[in-house]
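Input: one structure, supplied below.
Each chain gets a letter, A, B, C, D, E and F, in the order it is written, and its residues are counted from 1.
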Amino acid sequence: MELMKMTMHEVNEYLKTSQTIIIPIGAIEEHSNALPLGTDTITVEALAKRLGEISNRIVGPTINVGNCHSITYDFLGTISISPSTLVNYLKDYTTSLHKHGFRNFFFVNGHGGNIAPLRCSFDELANTLTNSKFLVASWWLLEDLKELYDNSGHAGRGEVSMIMYIDKSLVKTEFLTEEKREIPRYYVTNDLAKKYITETGIINDSQEGSYELGEKLFNASVEVMLKLLKHLEES
Amino acid sequence: MELMKMTMHEVNEYLKTSQTIIIPIGAIEEHSNALPLGTDTITVEALAKRLGEISNRIVGPTINVGNCHSITYDFLGTISISPSTLVNYLKDYTTSLHKHGFRNFFFVNGHGGNIAPLRCSFDELANTLTNSKFLVASWWLLEDLKELYDNSGHAGRGEVSMIMYIDKSLVKTEFLTEEKREIPRYYVTNDLAKKYITETGIINDSQEGSYELGEKLFNASVEVMLKLLKHLEES
Amino acid sequence: MELMKMTMHEVNEYLKTSQTIIIPIGAIEEHSNALPLGTDTITVEALAKRLGEISNRIVGPTINVGNCHSITYDFLGTISISPSTLVNYLKDYTTSLHKHGFRNFFFVNGHGGNIAPLRCSFDELANTLTNSKFLVASWWLLEDLKELYDNSGHAGRGEVSMIMYIDKSLVKTEFLTEEKREIPRYYVTNDLAKKYITETGIINDSQEGSYELGEKLFNASVEVMLKLLKHLEES
Amino acid sequence: MELMKMTMHEVNEYLKTSQTIIIPIGAIEEHSNALPLGTDTITVEALAKRLGEISNRIVGPTINVGNCHSITYDFLGTISISPSTLVNYLKDYTTSLHKHGFRNFFFVNGHGGNIAPLRCSFDELANTLTNSKFLVASWWLLEDLKELYDNSGHAGRGEVSMIMYIDKSLVKTEFLTEEKREIPRYYVTNDLAKKYITETGIINDSQEGSYELGEKLFNASVEVMLKLLKHLEES
Amino acid sequence: MELMKMTMHEVNEYLKTSQTIIIPIGAIEEHSNALPLGTDTITVEALAKRLGEISNRIVGPTINVGNCHSITYDFLGTISISPSTLVNYLKDYTTSLHKHGFRNFFFVNGHGGNIAPLRCSFDELANTLTNSKFLVASWWLLEDLKELYDNSGHAGRGEVSMIMYIDKSLVKTEFLTEEKREIPRYYVTNDLAKKYITETGIINDSQEGSYELGEKLFNASVEVMLKLLKHLEES
Amino acid sequence: MELMKMTMHEVNEYLKTSQTIIIPIGAIEEHSNALPLGTDTITVEALAKRLGEISNRIVGPTINVGNCHSITYDFLGTISISPSTLVNYLKDYTTSLHKHGFRNFFFVNGHGGNIAPLRCSFDELANTLTNSKFLVASWWLLEDLKELYDNSGHAGRGEVSMIMYIDKSLVKTEFLTEEKREIPRYYVTNDLAKKYITETGIINDSQEGSYELGEKLFNASVEVMLKLLKHLEES
């Protein structure tokens, strides 16, 4: 069930039995020359729809553009909403839904730069949106996917696989490279950090991405999220 | 060409010959019990994609949620981004694109409440985004569609037809009504204005919507927008 | 009745019978070398005062400076309040009045750049200033003046006539020119748009301005506004 | 010379010899039942015009509405712009003028609540508006007027006299009272502070206001301000 | 009693008998080569602690960094919070305390640039933090210290003495100079004003600072503040 | 070396050899009835000073108050700066330092609610503060402390030990309890989350805190941070 395709009447019916909404939030960000700029958004939209189907929960309109103000901001094609604006955007978005009766907000997140603004928006609403619960599920950080994902980085094996599974035509395989880079354990947020991204825009890639791995990552993500969704509703 | 599905490399190629981007901006707003909440967004996304195809121009990620802070804010399912937030959102969005080299911003707009924030964002950027040009094409306000559209209002004949043409399954025809209401020539913006919307959420509807009218409106819109796009690029 | 010249006591008396306030909003903007920078403000202040007299309604303090952030921002003498600031200014202004009991806000507007910020401020207040009604009457856009005004543009025949009628000494007739420029039907908001304004700061001028036309425009404006004021109060 | 009545051409001529602008800033605030709500604004506008005449300096558009967010906010007729908005308003106002070449900003201030926002706006611009100088002359605080003004408070002898001198018809003498109240030396800013204002809205009044005192106060203010203006230009 | 060192339980006990909190607010600002950057903060923290002890009132966490956006902003070591941010910071700080039951806010201020933001924050809260009272005691401006302080300026005899009394080791006496500068009676806020500060960062200094004068200034400050604290609580 | 106690001259000397600054950021937040409200701030201030000593690096003024807008906001004594304000505060703070030549910003953080605002502030500055590097070391999250800290929660064994080591007198041992609570693996940010905190304000406490554990945690933290500081400077 996608909110965008539902009518006022159908939302009315839905709210009689559930106060939960699933919200996909991604990014428009360079993902090397091989993956589409919308990699994060395309992934979370697909995950959220599947999750919505199997859980019978409404999926809100996708938040297409996220915060890429550091690191990839200067790479061609990246569109970034600043953290401050994104915080306000999230507050307006969830406040509207809260007014209608939604109380459980489940974010399917596809981009690291969104985590801080999401948290800030919840904190600022904590004393306003009474009885609300928020949970952010960033698929690549899910504990249960740790082994499968195996620390593959930005535009790397994990993301390549996900997009291959969702829409193979979007991967320009001729641009996949064999670059592997060690990411420092303690992250230094700065414009120098860009040195971890070469001209190809890849942090820790490999050509090992595959449809099969994508299928596994996708299904495992949905499975874990389903549990988290119940956790959210029951907490 | 959708930016979201393109790679960094493809954007690079594109920018060698064109500095234009088409940006669909809609709304998530009650549209009676017959039309989907995403009526405005669904319409502009379809229009923008068609326009992008025939003009060979990039279409940016859809701005799904717009400003519905007055009039329909309290109707079930409406999600609204406040004007102030939307202005900042638009500024961040276009500033990113400007940095990459885009100069001609063509907005395909589907919602009245977006017009003021769009204008405010352009004004605030006028002295920053050098050499840029902005044009907003609100399809239902296009001069050349005047006769076809025939002043059909919110959730009315025009919008019904558009959605019928784009995706018939999204129109719950059993909820279409025969309500017709005269809209005052001079609009009073206020919470009392809500009296022009009955419980059905319709301002000036009719059951006269049809696939055929939708097809005509859609094609006429695209045709006019193609001219405006050229006007933007050449001005 | 001007609020600025009234006492607390007199406002108290007024509010017993009316909840209406007329608010003139103009601009400080270059108007060629022939017209004063305050053309818009001088015009709306005169219109509002006349309207206040014949309607027996309070006129609030004039909003002297408006939004000129695009187009004329760089012309000598233009003072501009950015859209964001103007929105907040309007919110503070009307919120104070609402607290005292005013409910009907009638704006006599003299400048195009104010329309979007006015709308944004109403939208943001729609759910806060309960039972309030806002109407913006931009004199040069009034339907009934269409023929008289005849599409004369910025610093053109219409404005020249208005100022001639209000205070002839303010028109430096030696600087009136014969420039006529066709304004594009679809407006491109950008810094390039400045090409429609020559060094003289005129968009679509003519020397045809006259006291007589000014008198007609002025009186017709007041007449229409009186109707709109009643429409606001009765809606 | 009032900027509002001058043309682009005249400003151009002026800037060849002077970079100074005089800006009156007042308030719309209850001033008992005897004085007009615009007492502060009417006073500074008159002072600024006189100062402009004798100094041959441009007077900018009056800032009619000031910050009355504490103390008198709830009194009938008071309109208040919040400090934050006023700071931004002042920044936009002076930034426009700075762009045209103005460097010396002389504020003729009539209201205590404006002092803090004025200072905040200067501080925020200090590193942006290069080579600029700001001076605020609050007439009732001028050292040289100390004896004449004799600590008369809000809506008191001093303000009564000023308005009597400027426009006698604006003083409703039947509402003047004999109230005298001692104002605490250390001011406690709070909503309880309102206890120093009775229902009549007077802090430290007397019926001793007169045209003669007004004339003295007015002329002495202008005289001191003329010195300060030179001090500003020469510093 | 320092709030920072107290437990939740102890605050609970305190609020049963008092609603007062003392808040030190200083600055990190160059104070010549002789005095520490934290001169203002160190001074008010010491004053506030002493005041807290003798009055048996809670001292809130020190606001270490203040507004130095003009004048000393470019001097090495100065850290400045912009007026707008400081206003919001103060609003958040006092709003938290108000929620817990604090009503009397006594600020021990050590820096001129904080006065305007403090006032702005109170004004914006005046209608929100009900029944609250605010008083700012800027030690160097206290009437009763006038003679002792004798108009010694920034980084001058008065501040030297204070720091000598509080912690002698913090004064690098070898850098004390004999500079004396006349400060203009009417202050011109601008970047040119910096001419009153030489490279040594001193406005109106002298080597006459001493432990003895510091002791007198400190004790006199505390004595006056104790009276003002009672005035605040009783007003 | 504490910036607050240093003179302009000393900062000048320092910057000749290092561009690094250590900034402690804590919180004023209930920490049960046993620990002081400033637990987080007291801890990071002590850690930062030690780190500054052994690394010979400057320690900036402590950021005493952090973001506690969710979870503990309503507990007595908590003072919270909203995320939005904190982001602006951090931007002003680091921008001042950047202007003077600091480039390596090492934050010693003691509070979870600060992590998101810190990240947001860095992101917003990424394209402004050129050549800057930021690293946040949240002591209780350091990988190398994992075993020692052993997942002790808010106001729990870890924090008790730290304060015991830093200043034993600040721990009111009579209020230590034996409460142990399992914290859900996936955190639900909301006002319901407060159910994990009982009236005692403890999330996952125990009486097992000790001076000895505090000493180990403190020294281990400093040791790891010293490595991270070098990592920051060399990256």
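Everything that follows uses one rule, which is that a contact is a pair of C-beta atoms (placed from the backbone, for glycine too) under 8 Å apart; a residue touches a chain by one contact, two chains touch by 3 or more.
Computed from a prediction, not measured in an experiment: that's the story for all the values here.
Participant: Treat touching chains as neighbours and tell me the shortest step distance from chain A to chain E.
Facilitator: Counted as steps through touching chains, the separation is 2.
Participant: Which chains lie in contact with each of chain D and chain F?
Facilitator: E
Participant: Mind checking the centre-to-centre distance between chain E and chain F? Centres are C-alpha means, answer in whole Å.
Facilitator: Roughly 26 Å separates the two chain centres.
Participant: So what's the Cα centroid distance for chain A and chain F, whole Å?
Facilitator: A distance of 29 Å separates the two centres.
Participant: Could you put a whole-Å number on the gap between the CA centroids of chain B and chain F?
Facilitator: Inter-chain centre distance comes to 47 Å.
Participant: Quick check: what residues of chain F touch more than one other chain, meaning two or more?
Facilitator: Those would be 73-74, 82, 84.
Participant: Among line, ring, star, complete and other, which one matches the pattern of chain touches?
Facilitator: Contact map by chain: ring.
Participant: Can you list the ring's chains in order, from chain D toward chain E?
Facilitator: D, E, F, A, B, C
Participant: Can you list the chain B residues touching chain C in their complex?
Facilitator: That would be residues 67, 69-71, 73-74, 82-84, 87, 113, 115-117, 119-124, 126-127, 130-137, 143, 184-193, 228, 231-232, 235 of chain B.
Participant: In the complex formed with chain A, which residues of chain B make contact?
Facilitator: Answer in residue numbers: 2-9, 11-12, 15, 28, 30-38, 41-42, 60-65, 73-82, 84-85, 88-89, 91-93, 96-97, 99-100, 170, 172, 175, 201.
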